[in-house]
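Inspection log for the structure reproduced underneath, given as structure tokens.
In this document, chain identifiers A, B, C, D and E correspond to the written order of the chains, with residue numbering beginning at 1 in each.
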């Protein structure tokens, strides 16, 4: 049919498998690499792969799924981990289970993300394992060494940061959106405690110690003046490039950004993310972002089968592929067997550390949490409440109360 | 209006035919389809009938009310300023003695040619805390000592959105007024001149009343588009900070696409907005008529 | 008291190549009713608008009540003006239209009300005061425009073709109303029209213009009876004066094209000879009503009779107009209704040469006037 | 003199307003001559990166193809929607009847419905038609433009009906009248409508985003937003600036060509 | 050959409460020049448009050349039509405008060219053929509109106020051209105007209308000399007929308001009495030209003389119009230019009662006609 992107069989018997990806600089080239390598090994499979870049990805995917025309679905989609449970629960019947995948091959925290109601739907792909990126040179100037920053608590970090701030007059920790608006810090700190906004059964859990300690930590950072919320990612990056901002806590995917300014070679260091002292089981490893791959049920058996086979072959069994994407796109993947590759052990010339190994190690320590399906709704509720708490306008308890009641109306029991 | 005989009148249906087909297929059918949604709650692929449940929910939904409030604020503040600016510009650019009239008109209209996406990107960059505007105010004009938190202050964020809207749409509306002014005869101004009216008096007593139908037209049009305002807050402030620039259209978008998708609720919200627009438009028309 | 003097006024529009008004001289006396008349584009409106202050004066002096007023803004010139298409404020009621000028002057309410009501009464507009202009007929709008001028109580009235948008019937009746109004209000009035009938019926003095220049200034009968040149002769009077290119030979006038001859009465012959036109070409002008078909005339002046064929004939109640042809030349005559004949009829027509006008062939100036001047010199 | 002073302020006002209008464009042009990091740093002077940015744009993006896609869609939408709308407006205005007035009111009221409501049913329809990922999926729903119908309807209000009647007596049939008598007289209205329609189609974002899926079908706005959607912060603002400029040029050119008709055309639209 | 018969035609517009045309009956003969005349809104255009097929006929039969044509589309009616504001196609040249109808008929090029050139020649438009209408003067546009009708070679011409947009001077000359054209082409012509002068000068027969109803059908002199009712009397003739409410007592007519008396000539007195108006009220109508100021008349009819005061006086070349007042009653007279007097003058005026018209006070119908009918019965 006329240019239809969906899986369709032409007369010659070839089947088209459509793959959707969101990021033209990351997921898309990854996918293309996978397709290329797969095709090289399966010359006469009769399957043609098409990788399509989609903007406003979630909107688009939801429209397509909601329209419910299975024949128009793509065969494989990437979904950001935070959105995965929402999509799986909303459109369960349109997702193909993927029991072929051996989840033990992947970092443990990914399991909760790609399974729903006990069934495996997705293949884990990259990780947003976090790190503390900091200006080695300037921190050192004010007496803070690399080893001082590893495996510390937030309170310890604040002390060190205050020292650097006082000396340099620059901002320390920069976030990509305003404090109170930006869920990134909360997500990272909270997950490092092994907790999430919701309990395993999906109940709101913001009255927990973990959550309270999380936002208390951010308030402390704010009170100490060592955290700065920028209006958007660009402004923060600008501050980073200009040397006005000296530290960032972000997923592994932030490293290429830092490295894009060649003049900064050797000036940045990577350390573990501080941990929350007041919560039992809190660790120095956490996560921000990452995505996984899913096969959709398009009603075309041949294409659906081909899609699953492709996922299994490339993503759960091909270490060479992972080595290549690590090299090409700096993709920090969660496939454990691939970590044996030498690429994971090399010293990064820019940072002067074995960064990938650091990521690999920490990735396995990330506590597994269940993101649930209403994270986005809750995070919009944060926006109108947390700012007031950080600035001291509302108390901790009343803030929590407000969040709870606002959430309730937002996620009406339907 | 001249009468037309019956035979020819019937031929008229052929002219309308194509558009009626288009309307039925691309408007009416989707509308009816969405009306169905109003009475259901939809979570992804499952749908349950809830009667008027969506409207009950809407009634208790604070975010809905506050985003509606924001939309109204934009409407009340931005639309009048924009229309006044547009009228003043139109009057000035209509003056016969003005040199390079066509050139100025072109410049003022220019913002309309930019796509919403690109102009939003531009504004976001201009107004970031160390963006050009702040640099200019601070280092060139020295009128402020610290950067204005354009995008990070709840009030300023609204100001930026309003400025963006003004920039993008004033010229667009100006064209309508300019066109309207072509219908005001020069002689009326001369008569007023002889009656002793000053330029300001002429503007108030002659120009404004003459432009009234166009003011109505632009006001209705602006009401419709302001209450459906989406791209600017989405791209410039993302509705923030603290939801302070979240509009009703953005909220509908969130309900449909960001949250667990509930198209039933989203459709209900949409119809409420449509209803509000309808009421406002009717009021505007009524006001315009009553003054007659 | 209101006098207006225009002294060597010139007007050249920005960007125009030529002067639109050239060396315009006129002294308008107090309470006089002056009519500017001339074909479209001759500069009537331009002159009027310079007097109103709506247009700059390029050269010359405009003196209002003895004071040089070239640069005075319109509102200080003590004028009221009626525009061609009324220029009513469409969104105001009739009352509002009339009151606007007074409101601007910050007159008090009672005073405004009094004046507007009074003007409305004069003009028979009382019952329409609350209507908008769109709901009025042409004649009523015209009256509102007049009313707006009246309430201002200005000593000078300027009117630019105020009747040209009305239909024939209404025009006649409005003509009478304006004349009456002038008699009542005793304002100095300058009135622009391209319709010679209006000029003739309303003016104390007529200013005939052409191409920005004054052709003649005079009372209606002066202009009608003693046109200064061919243009004025042809322009004033309806149907227009008939012209023939003729020469004078042996006391007779011969038409240059069609050869018919007419005998010139003694007195006029003398004058023509005195002016040196014996044996020369010149232009004969004769008004339609001076061409006769009554037997009495034909019998009395057999030598002034020609034989013509009627081409079109029109009956207008009491009289009829015959468009006729002699040889190649067409002309029109206005005769008694009783002498109406169908087209195609051939009949005798007599030219009353005592009433005829003679013009120089080249300068087109009136020979009679030249003679008169020569005589008075 | 006071008139001199007031004219000074008038010009000042216009110059300021024009500057504000044009400034972002100047900035955009300056931006296109600088590197991405210079743009982010807010450099306000011309740089030497123009050729680089230009080169990158053509090397790294499918700008030519996307431009062509945009153009194809915009031209189709403009031509078709103008034909349909002008015919419809003509039908509504010239052959009035109660039924038609009703339909017209319903058309107008439908302008007030937010597009987000219609998106999903429309998408479903397009998949049924097998048009997903086809330019027609963008073009078809845009052909019916209530705004354009409204616009033509207004300008026809002052149309000299007697030329239509004259043509009837001359023996022309109704379509012929529309084609050879009405259309040529409404030229300026058509020019204005063309600008609006083209602008709308050219800048259209949401719906093409949903229905156009493969890279070879994308339009310029999709390309631009796609480039800025990347999450690892390797956005090349130099390329984006060039793309914005490229995407502005066609409308600018059209506007320049048609602008003299524009004000006239609008005049018709607002009478009465 | 082209005859048009209208039989009991009615027209009610959609949504209107009343009929715009009521029981219209008229037989238009071949080659006749019929003029519909009447005040604005009386239904002239509506009737014409029904004949053209631009408007549906609500009731009654329209018969063209013996064939019932109510439902015939315009193009099949063999008509050509000239519109009030010309309705030229602004985007086509003069040539294009004239050729359009023929092109539609798919006539061959040479034929079209011949016809257009021929029409252009008749109308003196040859040199303008390549111009667009906007570059033509009013009179030229008018001629193009005529030309468009001429080329179609239709046996029936319909014209809706074709001259109303022209200025007075041009109107007169176009009037003559149209009359001439009709004589040349010999088409059946129906011409609409609200200007009685046009009607009088052009028509073979005039149809006077009012409020959708025919008031009188007749030749110009019939309508002028024997108006069927007060409306026709007042409408035809300029200035309009003067009316007085009077009663007949002792062979004399007494004005009801101002009490002046006039003596009725023998013959007319008899007729009035025969019609039963002795001692009763009725309406006296007298045309301005039947009011005299010459001594000859005043001396001959001293008993028909009244003493009036001049309110406004107008000199129109050969004659003058005096708007005068007797008691409260105003009236106008048209007298010789030589009897022109300034306003304020009081003078004697004689009414020529032989030419006067009498109308019933209630029905407003002509008493003379009633008598005539009674006599013929």
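Criterion: contacts are C-beta pairs under 8 Å (C-beta built on N, C-alpha and C of every residue); 3 or more make two chains touch, one makes a residue touch a chain.
All values reported here derive from a predicted model rather than from experimental measurement.
Along the graph of touching chains, what's the shortest path length in steps from chain B to chain D?
1
Determine the set of chains touching chain B that also touch chain E.
Expected: C, D.
Counting one step for each move to a touching chain, how far apart are chain D and chain E?
Minimum step count, chain D to chain E: 1.
Ranked by contacting C-beta pairs, which pair of chains comes out on top?
The chain pair sharing the largest number of C-beta contacts is B-D.
Roughly how far is chain A from chain C, going centre to centre by Cα mean, in whole Å?
92
Averaged over CA atoms, how far is the centre of chain B from the centre of chain C? Could you give it in whole Å?
57
Taking each chain's centre as the mean position of its Cα atoms, how many Å separate chain A from chain B?
The mean C-alpha positions of chain A and chain B differ by 37 Å.
Counting only Cα atoms for the centres, state how far chain C is from chain E in Å.
Measuring from centre to centre gives 27 Å for this pair.
Counting only residues that touch at least two other chains, what does the list for chain B look like?
Those would be 2, 4, 125, 130, 253, 256, 263.
So which bits of chain D are touching at least two other chains?
Where chain D meets two or more other chains at a single residue, that happens at 120, 162, 165, 168, 225.
Residues of chain E that touch two or more other chains: which are they?
In chain E, residues 53-54, 73 touch at least two other chains, as defined above.
With touch defined as at the start, can you tell me which chain A residues reach chain D in the complex?
Residues 1-6, 18, 20, 22-26, 50, 52-57, 59-60, 63-64, 66-69, 71-72, 74, 233-234, 237-238, 241-242, 253-254, 256-257, 260-261, 289 of chain A touch chain D in their complex.
Applying the document's contact rule, which stretches of chain D touch chain B when the two form their complex?
6-7, 10, 13-14, 17-18, 20-22, 24-25, 27-28, 39, 42, 44, 84-85, 87-88, 90-92, 94-97, 100, 103, 106-107, 109-118, 120-122, 125, 140-141, 143-144, 149, 161-162, 165, 168, 174, 178, 199, 202-203, 205, 221, 224-225, 228, 240, 244, 247-248, 251-252, 255-256, 259-260, 262-267, 269-272
Can you list the residues on chain E that touch chain D in the complex?
52-54, 73-75, 79-81, 83-85, 87-92, 100-101, 104-105, 148, 152
Report the residues of chain A in contact with chain B in the complex, numbered from low to high.
Residue list for chain A touching chain B: 58-59, 62-63, 65-66, 68, 86, 89-94, 177-178, 180-181, 229-232, 234-235, 238-239, 373-374, 376-377, 380, 383-384, 387, 406, 409-412, 414.
Considering the complex alone, what residue numbers of chain B touch chain C?
The contact residues of chain B facing chain C are 185, 187-188, 190-197, 201, 205-206, 209-210, 212, 292.
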